[in-house]
Structures are given as C-alpha cells and as structure tokens.
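Scrolling down, you'll hit the structures one after another.
After this come two complexes, each holding subunit A, first together with subunit B and then together with subunit C.
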Partner chain A sequence: MPIYLKNVCFTYQPDSPFQNQALNGISCTIHDGEIIGVTGPTGAGKSTFLQLLNGILKPTAGEVEVDGVVTSQLKGRALVNLRQKVGLVFQFPEDQLFEVRVFDDIAFGPRNLGWSEDKVKRAVQWAMDMLGLDKDEFQDRSTQELSSGQKRRVALAGSLAMRPNYLLLDEPTAGLDAYGRQLLLALLRKLNREYRTTVVIVSHRLEDLAAVCQRLLVFQAGQLALQGTVSGVFGHQEALQEVGLQLPPLNELLWKLKAYRPEIDPTVLTLEEAAGEIERAFEVYFQGGPEDV
Partner chain B sequence: MFEGAIIGQYVPGESMVHRLDPRTKLILTIIMMTVVFMASSGWGLALSVGVIFFLIWLTGIPLSIYLRGIRSFRILIIITFGFQLFLVPGEPLLQWNFIHISREGLTLGGLMALRLVVVLLLAQFLTFTTSPMALIDGIEKLLSPLNKVGVPAHEMAMVMSIALRFIPIFFMEADRIIRAQVSRGADFESGNVITRLKPLTSIIAPLFIKAFQRADDLALAMEARGYQGGEGRTRLREIRLRRLDLLFLSTGLMVALGIRLIEVYV
Partner chain C sequence: MIRVNQATFRYKDSLPAALNRISFTVDPGDFIAVLGPNGSGKSTLARLLNGILIPDEGTITVLGMDTRDVSLRPDIRRAVGLVFSNPENQMVASTVEEDVAFGPENQGLPREKIRQRVDAALARVGMLELSHRPLHLLSGGQKQKTAIAGILAMKPHYIVLDEPTSMLDAQGRKDVIQTLLELNRRENIGIVLITHLVEEAVWARRILVLSQGTVKMEGSPEEVLLKTIELNKLGLESPLITRLVAELNRRGFTIPPATFQVDDLVRILCRSI
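Then we have the complex of A and B:
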C-alpha cells in the first residue's frame, strides 16, 4: 500500500524562540514499488520529510498514512514495527556503527524486532550478500577497523537486514566516488526490481536521481515546488534554476541547443536518446556522414 | 529526544542586560547566589527572589522560557524536596505508618528546592543574555590576576570555550544518532534495565568515537595554524566596563548588603 501525506506541516521546537517551520502543507503520495527522488536546496526540508515517513517525527499538522495507519496514532511496539516496514538510512550512516563485530552491528536491527537468532542470521547473510560483503571475510572484523566505504556498506546492510518494504535514504551517494555511486544505484535498482522495495532517495545530484528514479519531488523552503516524472520535472528548467538546482550536464547542453533548434526535447534521460535528439535536430549538418562534417 | 535542550543556550537580544559586560553579569550572578544561600529568614529570601525576578524582567526574555528550562530539572527538584521532607526529624506534622513528615523537613525541603530553582534561574539569566564566547572572555579576564600565582587562566578559558563550542554539536550528534538507532528499531521506552542497556550503548559508543575523532582533528587544526597558548595573544573584540556596568555592579552590591543588613538587624 502507498504512503499518503495529507497537508503535512512540521515545526521544530514549537513555541520557543528557536521555533522553525521546516515543512508547510505537503500533500503527496509515494506509490508502491516505485523509486522516487527527493531534491531541493539545502534547508528545504528533505531530511525532515524522510523522518516523517518512518514516524521518527510526527507532523505538527496534517497526516502521514503508511499502509492504512496514521503514524501519529502509533505507540511503543507498533512504532518499532513501522520502522521495520519503513527503513531509514541517515546521511553518513557509518557514524552509527557501535558493535565490535560487523555481524552484530548488522544484526542490531533484526534483533530489536525480536526475530529468532536463526532468522536474524539469514537476514544478515542476505543483507551482506546484497552489499557484496563477503561473509567469511567481514562478519568477525571490527567495525572500527573498516575503511569508510566499507563502513557505509555495513551500515546499509544493517538497514537492509530489517527487510523493509520501503527504504528511505538521505544523501546516500554523498562522499562516494563515481564507482561507489554506480554500485549503490545498481543495488537500489536491484532491490526495487527483485524484491519490490519502494525506494525514496534524497539527493542534490539530479544525475543520480535521473539514473534510477521514476518520479521526483522538488522541495523549496518547506514546500513542494514541483513534482512529476523525471522528464516532466526536467522540463521546468527555469523553476529548477530558481530554487538553485542544476540539471545534469546532458540536459543543460540540450537546453542550450534548444535555443537554436526548438524541436529538441531537452528532457531525455540517457546519452543515446540525447544523441538521437541532436542528430535529428542538426540533420542537415550530418547528411553525408561524419566524414563530411 | 532533545526537543528543548534550552538551558545554557544563548538567546540573542537587545536588552540592557544583553549589553552588559560579561564580567558584570558573572559577578551579579555570584552575588545573588551568595545572597540567596546566606538568606536565613523568609524576609531575606523573599527580597532576594524579588530582585532576581526584576533582573529577569530586565532581560526582556519571557518568563515562560525560564520556566521551561527549569522544567527539565523538575525530577531533581522533587527528589531534593522529598529527601528533606521525609528524612529530616523534628516536630511531626503528619504521621502515617513509617512515613512521617516534620515541620523542619518541610521548611528545609522547601528552602533547598527554592535555592535550586534560584540557581537555575540565575544560570539562565547569565547564559541567555551572554554569548558563550563573551562568557569565556569574562571568565578569563576575571581569573587573569591569578596568572601570577600560576593559574593558567588562558588555558582554562580555552578549554571551557572549546567545551562550550562543542556542547551544541554534541547534542545535535546525540540527537542524530538516537534517531538513527531508533530507525533501526531501538526501543528505549519498554523493557527492563538489561534490555535497555543495548540501545543505550548504541548511542553512547558512536558518540564517544566521534568526540575523540573530533578532538584529534581540532588539536591538529589548531597546531597547524600555529596555536601556542595564551602568551601574547590579542583578541578581536575587547570587552570593557562601561557606565551601565558600574551602575549595575554598585546597585547589585548595595542591594545585597541591604538584604544582609535587614536580615541581621531587623
């Protein structure tokens, strides 16, 4: 079942001199089985939005409904169950490692759910496989002796091991190199395709989102400025620029070329499609094949 | 979670008190604390509490915010009160099974609780109106005469300012880690002492790891920029005493003496 947000507002430290309205009147739906991207400038409320989805924060007004239950009505164990269903990976999750053994750290979540040790073992094994952490090599290593990239993978495994139906990730590609980013995005795609996990990714990097997401939510100053398919959102170049977001270089280029050839579609998402657009628009120059140019 | 870690937070403002020299506020705070702790009569107490509320009013910060700061200490206040109430022997007011409450216990408990509240109010009076850096400057200046007898005033101030600087970061970090572990199903509300130990370590361990890393980084960064200690360091903003400060200090002293005199002779 989807997650519905109805007119959600959130204020940090209400009724104090430090009160701060982080979200204002957000209404949207996160559909089952989709990969959805959340973007927006810094301070727009993206992280706050994620935390509302797994009940860490409760809306100060409006409702968040997950699988037919309103989060603000949940208490105690029901909240823990919500957090199993909706996994949240914070930014720089490697900071949360605390167990000595890698295995125990990954098992922390599953054990909190009260699973049998047998089930915990299977879940940890599966999560380590998903992240390409070899069990024999890693499970007994000390968490503090790992490289930061390995730590991040262990932390992600810790969230995956709880087998969430929804996986929320806050800036998961921050601080990763190009290869690490590719691996992570491939993992999310695999989770979504093979296990039907709904994935919500917060990122500043529209390229990363364009590579995996079907839809985008664009936040600005606590409000939803834009939402729609990735191509649909990329069609609003000016609006994106206004909120301080930069399109992927590919689309920037297509928008520039569109000034000369209005028939170009600047919202395509792959290199091949972009090449097709350019070829079609500049056909006259390409007539005799590459040698004649 | 740490929704209102409000005590010790600076509330920027334009009030007369905000503009005072930090040393003035430190000394005023110490004077008023002394007065309250020495007060031996209901009279003296009432007067000094009145003066404190007047000072608080001058800060222009709503009383409700002060009270909220005190609220987070309510358990401590109640325990303090309870201890005196039930344990101090004396003229019995109420007797029920093994519980007995004496008049002395009631007075002493009330007095202790009141003192605690006053200390908290004064601490907030100071920290709400003085930025942490100004506060440290003030402490360093006040301690500097002790330099001659070998007290490392500058180093002490530096240690305090670094600690102060990192307290909010530490709390934010704690908040972040609590949220992260709660997202992994950590449950702090149910279970017994043993089952709660695990969630607690899951927060404390990462916090300490991070704090030590940060201390290392900071030491390195300070050394890399040539920090060598207090000798010959100048500062960006010099603090100095003005007429307003002298007015506050002399009035404060006079009021304090006045209250003492009333107590002793009236």
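Then we have the complex of A and C:
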C-alpha cells in the first residue's frame, strides 16, 4: 500500500527553549513498490521524515498513513506490528547494534517475528550473503569489534533479514567501500523488482540515488523544495544549487558543457549515456579535427 | 614528522592482524589520503597515529616521541588531532561550543584565546549559529561538523580525519576539503585523510591504499588512481571523471588520462572548440 503524508509537521522538544520545528507542512505520497530517494542539505529534516514513516516519531500535526493505518492512532502491539513491516536502518549503525554476537543481532528481528530457529538461520544466512559478510568469518564476532563498514553491513542485514514490505534506509552507503556500495544498490533493485519492496533511501550522494531511484524528494529547511523523477530533478540545476546541493559529477559536467554545446542533455544517468552525449557534441573536434567534416 | 616503522597491530590473538608491518612517514605539511576496502585497517591506523592504540610490534614516533611512552601521551594527542568516523564517539560535553572548547581548555589556554579558537573553528564548518545547541539535538551532519571543529580548535601539528565527510551534503564536503587544503598550504599542518570517496583523495599529495592490513599501493594521485584494474581487484574504484575519460578515449578522443576533476575535463573539451 502507498504511504501518504498529509500536511505533516514535526517539532522536537515542543514548549521548551530548544523547541525546533524540523518539518513543516509536508504532503506527499510514496507509491507502492517504488524506490524513492530523499536528499537535502544538513539539518533539512530527512532523518526526521524517515522516522515518521515507521511510527518511531509521530507527527505533531497532520497525518502519516502507512500500510493502511494512521500512525498517530497506533499504540502498543499495533505499533510493534507496523515496525516489523517497515524496516528502518539508522544513520549511525551503532544506534541499532544491541546484541553481542553478529548472528544474534541479525537474528533479532526474525526471532521477534516468531519464526522457527531454522527459518531464522536461513534468513540470517541469506542476509549475510547479500551484504558480503562471510558467515564463518563474522557470525560469532562481537558487533562492537567491527570496522565501521562492517557495522553498517550488519545493521543492514538485520533489517533485510526480516523481509520487510517497506525498507527505510538513512545514508545506507555512507562508510561502505565501492564494492559494498554496488552490492547494496544491486540488492535494493533486486528486492524491489522481485518482491515489490518499497524502498526509501536518504542520501547525500545523488549518484547513488540516481542509480536506483525512480523519484526524488528534495528537502530544505523542513519543507519539500522539489520532487519529481530523477532526470526531472536533475533538470533543475539552479533550484538544486539554491538549496545547496550539487549534482552528481556526470551531470555537473554535462551542465557545464551545455553552456558551450546547447544540444547536450544534462539529465542522463549513466556513464555510457554521458559519454554518448559528449561524443555527439564534441567528436568532430577530436577525431580528425573540423577540416575533415 | 610522524614515522611509522614496521608497525603491527592485533586486536585479538584469534583474529588476523588488523595491520601488518606497515611503514611510511607523514612529513610536516604533508597531505596523505588513505583508501582501502572495509576492514582493511584504516581506522586502526588512525588510532595508532595518535597513540590511542599502541603497536604490538614496530614503532610509531610523533615529532620524535615514541607512542609507547605513556608519559608522552598527552603531548602526542596534542600534536595529532583525530576526527573519529562516528562523531558520537568523540563528543565529550553537552553543547556544541563546550564540546569544541574542550581541547583548547585542556591545553590550558586563556579564556579569550579559547573563545577565539572556538568561534573560528565553528565558523569554518558553518556551525556558529548552532553553538548553544545541546549535542544530542543535532542532525547527523551537524554532529560531524562539530567533531571536525573540535579538532580544528586544537590547532595540532597533524590532523588525522577518519571519513570526516561521510554524512555531509555537497557544500559541507567542499567546505571541509577547502579548509584542509588551507590549513595544509598556509599553516603547514600535516593531513591524513581517510576516505571512501576517491574524489577526495585526488586533492592529496600522496595516496596510500590499504588492504588486509598492508599497504598495497602508494604514490601520487596520478600514480595510484589510473590503475583501474588494480583498484577494482581491491574492491575500489577510480574517480568517475577518470572512468569517463577512459570511455571517451576508447571512443577515439585523446584526453590526458590523469584528468580527475569536472572543471579540468570541461576545460580540455572546450579548448578544442
């Protein structure tokens, strides 16, 4: 089911000296089975937004409807049920590694779902494989005695193992090496394609969002500044700059080249496409020079 | 100078050494970027450089001080500032400005001087406005900026930064790199920048590539970042613009392969018009 936000506001520490309105009048829909990216400058409200989507935070005004229920009306068991369907991976993985053993940490969610130990084992094995964590090497290690990228992988594995219908990821590629990043992005595509998992990714790296997302939401100072398809948003270079964001290197390059060669499309998403744009616009000058034309 | 000589470090006997006979030096005013896959030993190296960890074998000396000598530890920590990869591990006070003032206060500086340093450091990372905010009420990027400011305010001889920009927006990342380059060039502060963003390593004078606890590649950005196959084998990538240049050259262009930055490629392509 889609996730609906209607006029959502969120204020931290209301009626205190540190009262802080982090989100203001957000209305949007996250469609069923889509991969959507969320970006915006530091402090824009992205992590707050994500935590509203699984009921950890409840709006101070407006409504969030997830999986057919309005989160502000949920209590106790119903809230727990929702969190099992909506997996959240925090911005700092340390914030969610509680168990000592890596295996137990990844198994925590599945066990809470009441799965048989056999099913739990298979789920943990699958999640570790998917994130490039060798089972023999890591399952008995302590979660506190890992490198930061290894912790990130364990945190991700813990959420994935539950096979949630909705997956909320806060800066999931931060701290991963290039190989781990590719692995994760491919995995998200696969989950989305094969199981129609709805995925919401918060990231400062627009190239990661461009690689997997169908749509983008751009936040600024607690408001939705821009939304649309990835190419659509990348077509608004000035608006992005005003918000303080930068396009991925390929698109930044193409926009700069467009000033000289207006026929260039600066919104393409892959390296091959970018090379194609440049080739069409510049090749006469490079291959044999203009006199050959 | 920081001199790392055949340093080996093991967290536990049951695990392989996190670092295995590493040797290199960081000269005064040097700028070294450290790349490497997850678990290759980068953060361990960072902790060895300022004496939080002590090598099991081999030695590390900072300005001639051996990190094994317990009595020198305060001086070593003052000489080498370390920005942790998780800013939460570094926070010691309750508000932003108290946290940034912690280092200079420990150095016994006069109040006025501390004030100046704190304000300058917070301004550099764009956190002046939030200086009274309690730390637990900050966003991820705001925490990371505070952690960086805390080290800047100490004015160490060397700054070691462990993935300092992983939670920052594009502007924040640019500001940090700009600040590091300024400190490096104007104040001759030695920089060791650990990063997964190969685009940041381009700014360094030298790059070290770690894998499984040993130095696998070492050299200038030109020497290291064009070895795509070798990097890929280690689970790493060359910069996106460099890969684009390689693709264009495959299609018949003749662009210098050591082109790392967007603006350089724009200049090269547009000179041809």
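Quick note on the criterion: the second predicted complex is superposed on the first by the 266 of 293 C-alpha atoms of A that agree within 3 Å, B and C clash if a C-alpha of one lies under 4 Å from a C-alpha of the other, contacts with A are read in each partner's own complex, and residues count from 1 in each chain.
We adopt the following convention: a residue touches a chain if its C-beta (ideal position, glycine included) is under 8 Å from a C-beta of that chain, and two chains touch if they have at least 3 such contacts.
Just so we're clear, the structure is a prediction, and the values are computed from it rather than from any experiment.
Colleague: Judging by the criteria at the top, classify the pair subunit B and subunit C on subunit A as clash or fit.
Modeller: Pair status: clash.
Colleague: May I ask you to decide whether A:98 touches subunit B, subunit C, both, or neither, giving the answer as first, second, both or neither?
Modeller: So A:98 only meets subunit B here.
Colleague: Based on the superposed arrangement, let me know which partner A:54 touches: subunit B (first), subunit C (second), both, or neither?
Modeller: first
Colleague: Return first, second, both or neither, reflecting whether A:87 touches subunit B, subunit C, both chains, or no partner chain.
Modeller: A:87: touches subunit B, not subunit C.
Colleague: Tell me the contact category for A:145 with respect to subunit B and subunit C: first, second, both or neither.
Modeller: second
Colleague: Of subunit B and subunit C, which one touches more of subunit A's residues?
Modeller: Greater contact footprint in residues on subunit A: C.
Colleague: Going by the contact rule set out at the top, does A:13 touch subunit B (first), subunit C (second), both, or neither?
Modeller: both
Colleague: Looking at A:70, would you say it contacts subunit B, subunit C, both, or neither? Reply first, second, both or neither.
Modeller: neither
Colleague: Going by the contact rule set out at the top, does A:153 touch subunit B (first), subunit C (second), both, or neither?
Modeller: second
Colleague: Check subunit A for residues that touch subunit B in one structure and subunit C in the other, and list them.
Modeller: 13, 18
Colleague: Considering the complex alone, what residue numbers of subunit B touch subunit A?
Modeller: Against subunit A, subunit B makes touches at 3-4, 6, 9, 11, 61, 65, 68, 176-177, 179-187, 189-190, 198-199, 201-203, 205-206, 209-210.
Colleague: Considering only the defined contacts, which subunit A positions touch subunit C in the complex?
Modeller: 12-13, 18, 20, 40-43, 47, 91-92, 94, 145-150, 153, 170-171, 174-180, 204, 207, 244-246, 248-250, 252-253, 256-257, 260, 271-272, 274-275, 278-279, 282-283, 285-287
Colleague: Could you list, by residue number, the parts of subunit C that touch subunit A in their complex?
Modeller: Listed in rising order, the residues of subunit C that touch subunit A are 11-12, 36-39, 42-43, 85-86, 88, 133-134, 137, 139-142, 145, 163, 166-174, 196, 198-199, 235-237, 239-241, 243-244, 247-248, 251-254, 262-263, 265-266, 269-270, 272-273.
Colleague: Subunit B touches which residues of subunit A in the complex?
Modeller: Listed in rising order, the residues of subunit A that touch subunit B are 13, 16-18, 51, 54, 56, 76-77, 80, 83-84, 87-90, 93, 95-98, 108-109, 112-113, 144, 158-159, 162.
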